[in-house]
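Letters A, B, C and D name the chains as they come in the text, with residue numbers starting at 1 for each one.
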Amino acid sequence: MIRAAICGGSGYTGAELLRILLLHPGVEITAVTSEQSAGKKVTDLFPHLHRYSSLRYEPLNKEALLDKADVFFMALPHSASQEAVDFFYRRGKRVVDLSADYRLSDASVYEEWYKTPHHYKETLGDAVYGLPELHRERIVKAGLVANPGCYPTSAILGLAPVLREGIIDPSTLVIDSKSGTSGAGRKADVSVSYCEVNEGFKAYGLAVHRHTPEIEQELSAVAGSRVVLNFTPHLVPMDRGILSTMYGTLRKDMDTAAVLALYRETYATEPFVNVLEENTYPNAKNVRGSNYCEIGIKVNKRTNTLIVVSAIDNLVKGASGQAVQNMNIMMGFGETAALESLALFP
Amino acid sequence: MIRAAICGGSGYTGAELLRILLLHPGVEITAVTSEQSAGKKVTDLFPHLHRYSSLRYEPLNKEALLDKADVFFMALPHSASQEAVDFFYRRGKRVVDLSADYRLSDASVYEEWYKTPHHYKETLGDAVYGLPELHRERIVKAGLVANPGCYPTSAILGLAPVLREGIIDPSTLVIDSKSGTSGAGRKADVSVSYCEVNEGFKAYGLAVHRHTPEIEQELSAVAGSRVVLNFTPHLVPMDRGILSTMYGTLRKDMDTAAVLALYRETYATEPFVNVLEENTYPNAKNVRGSNYCEIGIKVNKRTNTLIVVSAIDNLVKGASGQAVQNMNIMMGFGETAALESLALFP
Amino acid sequence: MIRAAICGGSGYTGAELLRILLLHPGVEITAVTSEQSAGKKVTDLFPHLHRYSSLRYEPLNKEALLDKADVFFMALPHSASQEAVDFFYRRGKRVVDLSADYRLSDASVYEEWYKTPHHYKETLGDAVYGLPELHRERIVKAGLVANPGCYPTSAILGLAPVLREGIIDPSTLVIDSKSGTSGAGRKADVSVSYCEVNEGFKAYGLAVHRHTPEIEQELSAVAGSRVVLNFTPHLVPMDRGILSTMYGTLRKDMDTAAVLALYRETYATEPFVNVLEENTYPNAKNVRGSNYCEIGIKVNKRTNTLIVVSAIDNLVKGASGQAVQNMNIMMGFGETAALESLALFP
Amino acid sequence: MIRAAICGGSGYTGAELLRILLLHPGVEITAVTSEQSAGKKVTDLFPHLHRYSSLRYEPLNKEALLDKADVFFMALPHSASQEAVDFFYRRGKRVVDLSADYRLSDASVYEEWYKTPHHYKETLGDAVYGLPELHRERIVKAGLVANPGCYPTSAILGLAPVLREGIIDPSTLVIDSKSGTSGAGRKADVSVSYCEVNEGFKAYGLAVHRHTPEIEQELSAVAGSRVVLNFTPHLVPMDRGILSTMYGTLRKDMDTAAVLALYRETYATEPFVNVLEENTYPNAKNVRGSNYCEIGIKVNKRTNTLIVVSAIDNLVKGASGQAVQNMNIMMGFGETAALESLALFP
């Protein structure tokens, strides 16, 4: 049995790691940390995790944690993660970081968008961006995996196939994304209170959302040239799920069937990407609670535009599920271990 | 007192007309029709309309209705509306048609998108597209007003100011719209059942939605050249509301403040359009149950793109409220009569 | 024009007062207070109140407020309201207090359930419990009206007719109530965050909720003997609405029709109480955004039990709407002024 | 591997059986039937079941199905199930019937409440009511298990411990239950459409709901005397979940701790019943998607009433999960096989 610790376990991604890993045949949880809830039982915060009845939060004491686990899932806030990740990584532990701290390979881009310095550039250089569909080979050997953001996972999986082949013009990209409310985290804030979110729908972070450079980094690498794009997130009155609707001008004369064939080929062996039939489109509800990504395609001949729609569960494929998938790859487990559940529908 | 009849009163737009007109000081409802519910009380279908306790649905017998009302609100399904509208209009009645039958001035465009012939081209020629912010002067004198679709209302109000001034390139338009479920109408259909819609989010009608030519018609007129655009509707798990996020490449070097100034000027005297402050964006919840439209603006300098966000209540400004606004203009009432309610929040 | 001030205007009941009073022909708002938001515009907190674009929150400076208004709506937290209410009342102002501070005529009961002393027992003695259906005659002459709680409004309107007539045994009462989330107020608290409330349903405050003595006080007076009852509130994933399901053992051999006849007679002239037809039951959705109360009845012959179901909007008839109704009665306006809107459905 | 067939697989309980059984190590699905969807792929109706990509609905041809499976899950509508259940049972197949047809051991009670004759009284005599917490020993040897209704599961688990011990007076029972919308099934009906259910809350079936005799049958057996009770179901705007709030007059002087101790003892070895700590109460959200039942207790000393609150997922412990639990018991699998998932939260 592999021993796993979760640093930062009082939020939704931490709780989701516990939920998923309960069903993992090769992993046991040996520690979960929270500064604010130290001493409390996990079930005090999350009654649904009652199978962990004896597990208590402890403070993040790095030295004390070091010998408790083989793998560290880091679910700390951005910038708070930097040091702890570096600490465990340098001591030879396998680390999956769910924060943004090690996702942007260029530290200056990180510093520009996150308004905070990066103090561990050497470790940053070793981090692998943990999107298995793009970087599986490197994840196998990685000591530190930077688990992708939720919006970037939906966007990159949706656009990589056509950008790689030069099928759409990268200077025309619009990514219009919609997320359930759990993406905002578990917090005491009027803006995420039920009465403010329910029966509402809004855009936020126009032109300034921090997931923009992450999407651009990965799509630039795929496209082979620098990609700058429009990314607009929206808040949907639902718990979980991201649906991204993406637009790009076609450079080649392809119809929907031809583009779909490319997607099907690209993802033929991927266990968690479902390319839908023509005239069928994703629904966030179809992937809720699962690690799957649904992708649908439409070529708009009138405007010469490719429209790609992708859907994931932001807490699973967009966070904790993908983190487990990365750990499975790193540790030599079957890639789908603990991740085979279908969506909870309805 | 003006006498008003509602033809097709068993759906959400019909019920909404009754709700709104109850508070109108100059209008009384004299008839409401429904083939399927003929003989039933309005309150059998809609208990919340209990103040109409003695009103019953009757079949749409045109001859019998003719003398009962001065104004006819037509809330029939598309194509079913054609003949009845023509009938009342030709006999000198004022008609506000909430269907799509008289919105597209070019009958061939109607026939292409709605897959049905238009038999009343002469009457079609007399119809005025009922968006007061664009066509108030013509509505004043109109006998027949084609009340705009819900998505078009949100899109046209959002884009008209910049297309008129040539500020964005009309060939680059993306309109990504999201609507509450009442937009699908009141019907027995698994696809709109609670368990299928709730906790889900999906795109539909990609590249083929019938509101596309309506938006293109009005924006082409405003831009002075033929506009062809991308329009993608989505279904949001909420009752009411449309939020449209719109993208266009800037042709002029303007910042957000400059564009906002143009919008503020354009809509300075409009009673129902609120242009928001910089860094503030619309929320469908802020207009729910009201006839207001909120508009927010952001210039993305990195991509040279203008982003416009607009929000309306699809059943009010997107349907029945705008119909009453048009009637107010046609009949010489104060334009805001019965429409002054603020949004129901939360 | 009557001048009205709202003390404590940054919560949902304060915002709701502003929304409702905008349409009142005889009232103008001259001040709205908030300690935490003093200096901010009302629209900074509530963009939907844009018609109050020049109104700003001010601190609750009693002396300064005194000359600004004729009527004071007090929407302060419990216990915080005591002193300010007393201040304005003693100086001859008309006061409608939406807090619980003046609802319980016996100060010791207040002190027991609210765990805080009552310092203004003389003023308490003058307060009238503001349920017009029970106490209209006294409200007409009242200087201080204690506006009922939301749960008590639904429960008392539902049970008063049969308790008055001795039709059910008061010692057997069960009131099982369900409320939308706005009943918890506008606050930064994880327990009311979207992801905790949505797709959940729970009971709370079992056997200890503070609305219990308020219901008991009014029903005891109606029954003519001391009533002690079971009251259990629940949280429903919706914004607004209370539905109470109430049970009592029948003392008389009556069927549903006979009990309905009594209710219809009791409420025959009430503008805001709708007694439904047999086999028809209330739905919180049918009263959302309106000041109406729906009541439905069923006699269960198998168990000899009367079941009463009532529904109101907790923010309207359960708070701000009823406050305006009370003010209308106190000031001699038509009782339904500003309160004639039907429910927003859907 | 055991071969399982699902008769009636186009509804939510059928889909839920497929979702759950995918993770069962000892069961393979060999057939799924639907008259209306015969020939369609399961994924045409339920895209989230994509792992069953080659499974198609077939008509319920009993002879053809007989050799295809060892266990038959019957998810047909009430009365439609009678004959098919009898057929498979008489031919030696193990049958778990999710309909109500074999739940009521007294055929005349069935006929009274379901208004249809029961034609298979001999088979009815062999059926075991499949609530493992009450009848595990009999289920082990059963050929036919009548899977309990959703409301009855929540009610019986909540009340059995105290009725068995005579702690509450059975003549005073009130069961006030609230269910998510999936309990109404998957159907094209305006009454379950999103806009009618969302933001609403209502009671239905007052005094006449068919789950009443089922609850009474089981509680009578437990209490040792005939129990007649009040049961009122309500519709909650959420997908899944039932929460029942139950009231009974205490016959013994016990406090909350003492009653809780009894519940804890009663359910000490039960894998799927969680008795909560004092002052902690169930939430439907805490069991969503899981086979667990949460129970909370409060003694109201003022009214001498015991209040019991229980929560389950109506589609899992209230239907398909319990069906799999019963099959596990019947076939000798570990009782929790395929049922270990924790709730999906949020």
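Here is the rule we go by: a residue touches a chain if its C-beta (ideal position, glycine included) is under 8 Å from a C-beta of that chain, and two chains touch if they have at least 3 such contacts.
Note that the coordinates shown come from a computational prediction; the quantities given were computed from them, not determined experimentally.
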Common touching chains of chain B and chain A: C, D
Far-end chain from chain A, centres as C-alpha averages: C
Between chain C and chain D, centroid-to-centroid distance (C-alpha), Å: 38
Cα-centroid distance, chain A relative to chain C, in whole angstrom: 46
Averaged-CA centre spacing for the pair chain C and chain B, given as whole angstrom: 36
Per-residue overlap in chain C, given as positions that touch at least 2 other chains: 12, 182, 195-196, 198-199, 237-240, 283, 285-286, 288, 346
Complex interface listing, chain B residues touching chain C: 12, 15, 19, 22-23, 46-51, 182, 199, 239-240, 274, 276, 280, 283, 285-290, 292, 294, 340-346
Chain D-facing residues of chain B, complex: 12, 181-182, 186-190, 192-199, 237-239
Residues on chain A engaged by chain B in the complex (per definition of touch): 172, 174, 176, 178, 180, 195-196, 198-204, 206-207, 228-230, 232, 234, 236-241, 243, 245, 247, 281-286, 288, 296, 298-303, 305, 307, 309, 311, 346
